[in-house]
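Each chain carries a letter (A, B, C, D, E and F) given by its place in the written order, and its residues are counted from 1.
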Amino acid sequence: MKVSVCRKAHFNAAHRLYNPAWDMAKNDAIFGKCNNPNFHGHNYALEVWLTGEIDPETGMVIDLKILKDIIETEIEDRFDHKNLNLDTEEFKTLIPTAENICVVIWQLLRLKIDSKLDLKVRLFETERNVVECDGH
Amino acid sequence: MKVSVCRKAHFNAAHRLYNPAWDMAKNDAIFGKCNNPNFHGHNYALEVWLTGEIDPETGMVIDLKILKDIIETEIEDRFDHKNLNLDTEEFKTLIPTAENICVVIWQLLRLKIDSKLDLKVRLFETERNVVECDGH
Amino acid sequence: MKVSVCRKAHFNAAHRLYNPAWDMAKNDAIFGKCNNPNFHGHNYALEVWLTGEIDPETGMVIDLKILKDIIETEIEDRFDHKNLNLDTEEFKTLIPTAENICVVIWQLLRLKIDSKLDLKVRLFETERNVVECDGH
Amino acid sequence: MKVSVCRKAHFNAAHRLYNPAWDMAKNDAIFGKCNNPNFHGHNYALEVWLTGEIDPETGMVIDLKILKDIIETEIEDRFDHKNLNLDTEEFKTLIPTAENICVVIWQLLRLKIDSKLDLKVRLFETERNVVECDGH
Amino acid sequence: MKVSVCRKAHFNAAHRLYNPAWDMAKNDAIFGKCNNPNFHGHNYALEVWLTGEIDPETGMVIDLKILKDIIETEIEDRFDHKNLNLDTEEFKTLIPTAENICVVIWQLLRLKIDSKLDLKVRLFETERNVVECDGH
Amino acid sequence: MKVSVCRKAHFNAAHRLYNPAWDMAKNDAIFGKCNNPNFHGHNYALEVWLTGEIDPETGMVIDLKILKDIIETEIEDRFDHKNLNLDTEEFKTLIPTAENICVVIWQLLRLKIDSKLDLKVRLFETERNVVECDGH
């Protein structure tokens, strides 16, 4: 029987939604206030879910301290208290929508998580807007 | 890779659980206090989840403002501050349990949401009672 | 040193905001959708705060089981799964706004709580609308 | 169309993570502070999800009062205000990690829930650590 | 007897903590990651509490729709999806710490709220950091 | 004008409510399941509120990193993953009710917090049971 475990984390960042292939009017029409050239920001809340067998010796799917360290190194150090558009490689040419941030986080974590474990990422941009991605 | 996005909404309504094919004693036995003929009520909280591909131009699965407008027109305007049994067509002959409300919301939204997108609806009748429906 | 202790409770009820001294147009202007003649409803969440000295023998201000029983008898049995306008004595001639419900709950509990203890009541009509009353 | 319904519950318990096949140093290395020989404890929050057809006569998948009673008898009476290592049969020889507790709860409930209904259990050990199990 | 009522609101903004009278090293020492020159951001949650007498005709301390409109015009329109340092008059020369934002919001609302009503503002910069101000 | 700032923290602990001056029957009558000799436990959530003037140079009442460090050293290191009855000096002869834990935390923090700042402590033993203490 497989079990899923979740670790939550947080990061606070500034961003702007803007497609350089469009003029300002179209960017305003599509992205509204999110296209403020001076940026706005969010408290992003993150849930990382891993699914796999329980190790009978430890009673755990994964030591959550290990997962916590991976999330800190790969996600929090990279994105916390950053301007996603200006300070990160990932969003230099990719629009930092919640959807794209969620996919990027999934890809960054997938490289560091044992391939025996399924991975799902849920990202809360606000309490009302949530995105989820499991690689399928 | 597919991504799921969620928009939350709320509506406050009165209702009564009552099956007219049964006598009052059986209705009381099955529905207890929920069969109060003068009605009681809830703050319903709603999560609408859509799953699909990210549009590379916008970085979005769907513009959440569009989803917000669909939920307002189809669900909030129909059910908010209403008596579900007396004021709505949907529950004139269907018992307004959380399960039936969830299915009705799924059906109403399915008609308005692009068929390329999968749809899941989660309804909180109270913090402790939750219902979910994805059309399967 | 005094300490405050809190017990939370819930009740679900239907209500309508309506002043019989006014005509329908004025009631609609003041109360909007809350004046639906068929009622709407809420999940009310209640916090009851008592302030007093710690009993050195028990380490408690009050046995919270006693407070829980008082809340059940005085508030939940009276208001849960009820129509506040039709089913209760308290709101036969008093408009069941969150403010008035909060004051009525404070008055009902004050009669049953030891006068050595200060009493404060906080009532959540929705997550966004909250009322508080401490008798001053 | 199938619908999922959820009932939430809570229990407060003490536990210790410790594998008797290992010496104290290895237990400390793997389980850290969770290996305190005098135990520590948690408020466990539980979500029980059942999936099935809606009964057209009641409008319900299951009467949630029945599910509430099963959870009280099988889970809350067994684990609430208990020391999981010392007071329960289930964890006499099984390490009471959140993963193992979740699987044990799933197994205990599966015996009492109609086999027509799918069962999923989600257990919150803290707000940040969550485990989920659906029997697959 | 006086009653307090609360309305909640939200705004998302970018900011930077930086005192121009200090050099970069001192700003880093005091403000740490919050001194990122490219800004970071938060979902600010706001509670506005008003205390006063209940109007016997309406059963209300204040029509919460009026309070909601004041908060939208004075606070949300001014700060939502803005860069507090660059886009607002209020924080051109005042460091936008949670404390200063809370006091500025209190001052802006105090001008628009009837002086018969006491005013308290609570601001959540994150779930863990909260600030409160009542003008005393 | 004075402003209050809050920092939240958490600790997980085991405890037992038991007065050695009473026999087991009286302890059971007063403390019920909380008198389990093998202990039970909780996730305690803590809010520490400080009230004072804003420092015009930093825009802060206190650097919350300093407050966070004080809470870690004085409270979390002392109580987290501990058995309050067996592992701590504070509750060797004092019953670890939520009320007494709250007062002890207030006293421990009062020694370390600048006397210019008022101190209030709020402790959540569960989501439904909360205690508050401000030294008066």
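By definition in this document, a residue touches a chain if its C-beta (ideal position, glycine included) is under 8 Å from a C-beta of that chain, and two chains touch if they have at least 3 such contacts.
Predicted model, so just to flag it, every value in this text is computed and none were measured.
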Other chains in touch with both subunit B and subunit F: C, D
What's the fewest number of moves from subunit D to subunit E, given that each move must go to a chain touching the current one? 2
Would you kindly state whether over half or under half of the residue numbers at the subunit D/subunit F interface are used by both copies, giving same or different? same
Whole-Å gap between the CA centroids of subunit A and subunit E: 28
If you average the Cα atoms of subunit C and of subunit D to get two centres, how far apart are those centres in Å? 34
Two or more partner chains touched - positions in subunit A: 127
For this entry, which pairs of chains touch? A-B, A-D, A-E, B-C, B-D, C-E, C-F, D-F, E-F
Residues of subunit D that touch subunit A when the two form their complex: 17, 19, 21, 30, 32, 94-100, 102-103, 106, 127-133, 135-136
Per the touch rule above, subunit A residues touching subunit D in the complex are 1-8, 47, 49, 54, 57-61, 63-65
Residues of subunit C that touch subunit B when the two form their complex: 10, 12-15, 33-34, 36, 38-43, 80-83, 86-87, 126-127
